[in-house]
């Protein structure tokens, strides 16, 4: 089942145009990815420090359909997709109640590498299971 | 009853020393203040844009007792205190399960002003009720 | 002549993996865009508040080729490109001395709209001149 | 001679009230501290990662006298003061041309510790020289 992250837009997310600063939408989507991993049982502290395995982002992108404002209740759908044996993408749909279409869509592409050798490795089993389970949906 | 805000430390909160970047602790405390106001029924969008009334921060401070790391589950106690008829402080205690003492304490001081005249005004009734109710605790 | 923005990577830009947090690379590129506009004579305060004309970002993307670390001296090339009569893109190349290839490339797409009607308008003369001058390079 | 850091306020520094978000003023002051250290010859990358010596912030505070807006040119005076043999403070005055008084004042308190033992150590010679030289002013 698709993981959904709930997040209230905070004052610190906004800019002087009165809406969420564009780059912060990617940060909020990354929070959703973190919440999905914690939900899977991943230990966020060691995972994101990259102590053994590192999963750096090699590409990010985001489209803005409607501005988001302080106090808005966001619902972010987190959709993982395997692209190669060592690489996956996360697609995000940012929804606000009352709007049919997502207010924003985003994507991050991640590569699994060995911290010592800096070479690509296979996506670890736990992530792979999650990605495959989502694909069945 | 004291409002408690729950917040997971996110990767974007951290810095290259592996812990929450010092200034982000104040942002996280401000989130707790926002959540307390929304809990009171305040409309975050108009309140923080300062459309009628503005409540700017004139002073902030923060003490760090222990570092916070990605994935830590923070519990932030939000304690409002009236200091003058137009001014109040919010005191924050940041707690992590398993530690007796707060890992951080912070404070923000707020002044109520009229947006048109930029002069001090009385703390509005809704905030005043909240602050007084907390003082009774 | 292509505008180049110089920027030292700050501690607050980094995350617990020891490198610049991915979404912050887009913020740093936006700083480069702001510096290019100020260099043209644009008044940053009114331009970015969107008091008359608004130029919201409708799309952003970024590729990461090498990590950036605290203290790195970035040189960011800012390359504007007109895409339609009301829309332009800014392409960014992030360079670090000693590396031949950019460490990162990014892109933001901007639409010019009238603040009152929220309808698309022509790219204003000052921006158009800049974009056309760059195209000649 | 007092180190002065020049910094343009960027759009990403602001919030929906149209001014610099309060916690970002502390980040900007920290940038000034980093620039002062780089100016001394300190290697920012290893210093801030805390590879040998760590100099964590144990306290920060900031006062706001006037709001800062996108495009404002800040001049930040960086004033180090030794408080004990292992502890120092940095005081910051944030100035904008045309205003006599600082628009903001801030302070960060730092403790020198050994990364292995986590015990307090003496302020290292390079920092001590800088702090003492400033005190003579």
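Lettered A, B, C and D in written order, each chain numbered from 1.
The rule we apply is simple: a contact is a pair of C-beta atoms (placed from the backbone, for glycine too) under 8 Å apart; a residue touches a chain by one contact, two chains touch by 3 or more.
The model shown is predicted, which means the values in this text are computed figures rather than measured ones.
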item: Winner on C-beta contact pairs when A-D is weighed against A-C; value: A-C
item: Of all other chains, the one whose Cα centre sits farthest from chain A; value: D
item: Averaged-CA centre spacing for the pair chain D and chain C, given as whole angstrom; value: 27
item: Interchain centroid distance [CA atoms averaged], chain A/chain C, Å; value: 23
item: Rounded Å distance, chain A centre to chain D centre (Cα mean); value: 33
item: Touching two or more other chains - residues of chain B; value: 11-12, 14-16, 18, 21, 23, 27, 30, 48-49, 69-70
item: Chain A - residues contacting chain D, complex; value: 11-12, 14-16, 18-19, 21, 23, 69-70
item: Residues of chain C defined as touching chain A within the complex; value: 15-17, 21-24, 26-27, 30, 48-50, 54, 56-64, 67, 108
item: Interface residues, chain D side, partner chain C - complex; value: 8, 10-12, 14, 18, 27, 30-31, 34-35, 38, 43-45, 48-49, 69-72
